[in-house]
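Each of the two complexes below includes chain A, the first together with chain B, the second together with chain C.
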Partner chain A sequence: MVNDNKTKILQVKDLKTYFFTENGIVKAVDGVDFEIYQGETLGLVGESGCGKSVTAFSIVKLLDYPGKTVGGQVFFRGEDLLKKNEKQMRQIRGKEISLIFQEPMTSLNPVFTIGFQITEALKVHYKISKPKAQEKAVQLLKKVDIPIPEQRINEYPHQLSGGMRQRAMIAMALACDPVLLIADEPTTSLDVTIQAQILELMKTLLKEFNSSLIMITHDLGVIAEIADRIAVMYAGKIVEYTDTRSIFYNPLHPYTYGLLTSIPRLDMDIEKLDSIPGLVPDPLHFPEGCKFHPRCPFATAKCRKEEPVLKEVENKHLVRCWHFEKVKEEAKKIAFTGRLAVSE
Partner chain B sequence: MLSYIIRRILILPLILLGVTFLIFCLFSLLSPMERLATYINDPSVLKNPQSAQRLIDKYHLDEPFPSGYVHWLKSLLRFDFGWSPTANQPVWEAIMQRLPATMELVLYSIIPVILVGIWLGVISAVHHNDILDQFIRVTAIIGWSLPTFIFGLLILFIFYGMLGWLPPGRLSTWAQYIVYAEEGFKNYTYFITIDSLLNGRLDIFWDALKHLIGPIITLSYISWAYLLRITRSSMLETLRKDYIRTARSKGVDEKTVIHQHARKNAMIPVVTVAGMMIIRMLGGVVITETVFTYPGLGFWAASSAQQLDYGSIIGFALLFAFLMVVGNLIVDVSYALIDPRVRLE
Partner chain C sequence: MNRIVKKLLSNTTSLIGLILLFVFVIIAVFAPIIAPPLFSDPYQIPRMSWDTEPQPPGFPLSDDMIFIYESMGEPIIRDKAIFGTAQGGYDIFYGLIWGTRTAFRIGIVTVVFSMLIGVILGSIAAYFGGWLDELLMRITDIFLSIPFLVAAMVLTTILGRGLDKVMIALVFFGWMGYARVIRGSILCAKEDVYVMAARALGVKDYSIIVRHLLPNTIFPVMVQASMNIGSMVITAAALSFLGVGAPLGYADWGQMVSFARNWIIGSPGHAGEYWYAVFFPAVFIVLFVLSWNLVGDTLRDIMDPRLRGEL
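Coming up: the complex of A and B.
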């Protein structure tokens, strides 16, 4: 798409991950396509429960029971990860694809030192000696701007502050110079000031390591900072997929539009903050037709019956909506007046 | 870490002092004459008021609380616990003579408790809801709900009464003769299983082991069943934790994830429960030894209780209080060894 001249690192094709629960099948991810090029950051945005984290865990095949990937392909450097067995996957995890998790407190093991946890991936994948691993841990902690790393490697997670722990998580993910990083809401549990620092750090390190990143978040502010392209997910499907600029200045899907108008903004004179009406649909009983129609101000009879497909409607701008033109007009109005035409 | 251990050890005498105080309070409920009876080996002395009064004065038995307590404590420090009519020897001697038998039983019982309890608990959690897990759980629930004396009798009935494999007592008569009477048999540890090997007597080792298996199974069943339940639920909870996913995301293999990342965390509540299990086991010793007529402290304590042998009961209570406090100290220290968050508080 945008970076045709760059190497394609990951290509996800029609990924389907279902959870086989006692009450029925939950289609958490239902036909997701996207791709990432070297050094690029893709933002995966959506409300909680829309399937963005499940998409990430499907890629590295770390789904919790009873989740199962039932269809699709995940090409990582040309090889389909879904065809690989557990042993082959282990060689990829932590070495070529690493993950950064949301809650650094609970994602770090409380009974092992920071140093041990950072170097574990190195020891697993490269079988390096202990003093060498120790040395590398200090280097990595320096990279993520942790002061006195020589001391920190012997400390336990509870001795570090939240921001420090997330830095340690990042150091851990970078230990083996991965090709692809997947960050699942890495800044959500942090203070706003720390959030900005972490994002800045991640941007710098991505450039240095030339790694690609899938950034999963519900926070459009975060995504605007870091992503090159954005895929907006709703109810297990991508509803809009384009570059970051277009998402913010030219949203074509009513859900994206809703998300944008619900961001508090100081530069606009808005009396009441908008929110998207209704709730995320129950994954066991998705509505017929377009899954967003019960909450959509643009919905018509067609939306209730037929589900739209994700198609390229403008240059490299994919959207899953029958009425994207109306959304475009509406969005323009806001940009023009700085004021929402509040839907009832 | 070291300061933590030192602090725990410094508290130890204080706890023991509290225990002696409680026991003394109960002891004071008896009249001076009754208390005197715990110190003498010839009951006829009590019939003569003058000689009895002389002895009461000697042991400071009718003094008011503070000085009476201090004198009693002093006598404890001299290991003068009184006379045990049940054992027909001084209480301290009776304790020291029976302690090795009970320690042998308890220490051997800890092995199945830890190995089977924790090992099966981990297996049960890893094979969550499989047939294997169901089988292990049913076995554990039976152990957990079966009273020790009934289970002990069952073991005795089946393996001694019906099959004749596991006899009661500590040794067969022929082996007793060799161990206790023969010149050549040297006692190094007073653990017969160990001493027999050191003396090169495999036949006695085998005999001692046969006598131990029944009591070990009986004493340990309830404890490992309980430990298994705790380990299983703790393991299941730990395996759902975020840091387990983190470990997997680093490419760590499943074996390391379970036995290193998960188990070390899962052991934290297990160690806490282990403290309770020490109490359980010491209590279980009385019943188990009585059922198997195993000549240890528990058997002696049970007989003493039936004969209102106060001196022996107090001695037994003090010793078990001491063992329990030491046991809890070990638990606290291992707690700190496992969990770094405890260490630094």
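Coming up: the complex of A and C.
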């Protein structure tokens, strides 16, 4: 579902965010490009430490010392956010770009009521009277399917369950009708049934508000559910970038392929789950050449020396690999055996 | 908040502390009735005689003094020193009653101001971090490395005698503890996602510190403050005892102890002859400090997260 006719909301160009630590420079995000259109959901997928959260925080410039965005451009509705100062950014954060966080337990302030926290965004960005803000908070809570919202707005976070709190967080994020939402693993700490509810809710609300979403997750199941397009990240770089269907049915990067084979499947009779061998490389000492080569079953001498570039190899399917054809063939075999297992 | 009040009232030690504190408040408030002033400045302790050595409890107003008051046209309201007199004929009872006001003033004013300085510096250091944190905390370390009493003495000596000078000195060298405590708890609290969430909503740094972080972190500081009110009074008394505190004759407990300095042992053959000159001021100081410590102790217990569920 790549929509060229829709308006481009966000375009990230060659974003580079480094952490200047005492032990050296950590290139957490090293040249990331992607774009998001109105009403579209982009999935940022990768292991812990691959730079997906740092990418998100770089966009809204919420990175703390020693992290620093050293290069690139982030065009949000035609304006480069990286050129804006802190005051201008404050006006954008929460109003036009909102964040939803991973931990609903700690992302609400324990000393304030839910109502106070939802109305805070309204109070920061608009001159709005207290009763009006309260009214709006009740409406928002209703939108996120919280029962008896009139009562809930006077309750404290500890009186709410995890799922409720995440709903309240979503209500907070939506308070000012943002154009872009960034959700950093919003369902990770919830149990599976609640996860499904929250995802369903987010889908409905995105449609209603016509907002775009960057969904950061390591869970391919979640991403399949909600994303239109997916960017797979590894070691600070995007390694594969295409629509959701192609990622699952036609993976071209060995890392994506590895991730897919390590998902437990109900439709296949597998005794041992595959995993990607090795560990995420130490960000201070990335390997030469392709950063994935030490863990890659397809690696050759070329991979050890030369780093591949991200290029379009099929229609709107970008990949950063020398051997994507081999991966394609291998992936086809798996899909084939998968179907076999089902038919047996 | 309700829980804290309930706990304070149900705990025996804190109840004793609260009752003692209440008594002191009563004394301070009703000082003009308990010990009616003889001069236009009520903090000036009246003298019962010109005697150099202390006089025992029940000592009557001397004839010299009656003559002076009569010639001044002042009515003679009190004719006995209930707790005796200190050296120079100063009425101990009067000094202690009016000294209670002084004690509250010293304790509360110094603690409030040093807490304010400490909280501002500590929270700025913790929230912004980096070189600012480094700078502010090194300044704190420098202040901490100076011996408190000696520094306060030197500063009071430079500024000159007087209670306000004592308080300035106490604030100037007394804020570091608060800065450290609040820095620690903010460093811990600012890692919580709600701080990031507030920033992501576009809330200003100042509002994040004041509205989001301080309500979550101020309590340990309050506990420390309540304990420090007592120790500030002791330090002020120590300064007065050393002669750099309140001016001569000013109603201040330190002054009362200072008056007793030469008479602690008693006279040859009569050990402890002037016990009352030491005993009564000491009782007031000890009970006052004790009451604050008991209350502070219970506050700390209430705040201890490990005990939180049980209380």
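As a convention for this text, the second predicted complex is superposed on the first by the 337 of 344 C-alpha atoms of A that agree within 3 Å, B and C clash if a C-alpha of one lies under 4 Å from a C-alpha of the other, contacts with A are read in each partner's own complex, and residues count from 1 in each chain.
Here is the rule we use: contacts are C-beta pairs under 8 Å (C-beta built on N, C-alpha and C of every residue); 3 or more make two chains touch, one makes a residue touch a chain.
It should be emphasised that the depicted structure is a prediction, and the values quoted were computed from it without experimental measurement.
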| item | value |
| --- | --- |
| Clash or fit (per the criteria above) of chain B with chain C on chain A | clash |
| Partner chain(s) touched by A:Asp274 [first = chain B, second = chain C, both, neither] | neither |
| Chain B versus chain C as contact partner of A:Asp243, first or second or both or neither | neither |
| Partner chain in contact with A:Gln159 - chain B first, chain C second, else both or neither | first |
| First (chain B), second (chain C), both or neither touched by A:Asn109 | both |
| Chain B versus chain C as contact partner of A:Glu135, first or second or both or neither | neither |
| Single chain B stretch clashing with chain C - from 2-10, 38-46, 56-64 or 74-82 | 2-10 |
| Contact residues of chain A, present in both the chain B and the chain C interface | 60, 62, 64, 90-95, 98-99, 101, 103, 106-112, 120-121, 124-125, 169, 172 |
| Residues of chain C touching chain A in the complex | 129-130, 192-194, 196-204, 212, 215-216 |
| Chain B to chain A touching residues, read off their complex | 240-243, 245-254, 261, 264-265, 338-341, 344 |
| Chain A residues within the chain B interface of the complex | 60, 62, 64, 86, 90-95, 98-99, 101, 103, 106-112, 117, 120-121, 124-125, 156, 158-159, 169, 172 |
| Chain C partner contacts - residues on chain A that touch it in the complex | 60, 62, 64-65, 90-95, 98-99, 101-103, 106-112, 120-121, 124-125, 169, 172 |
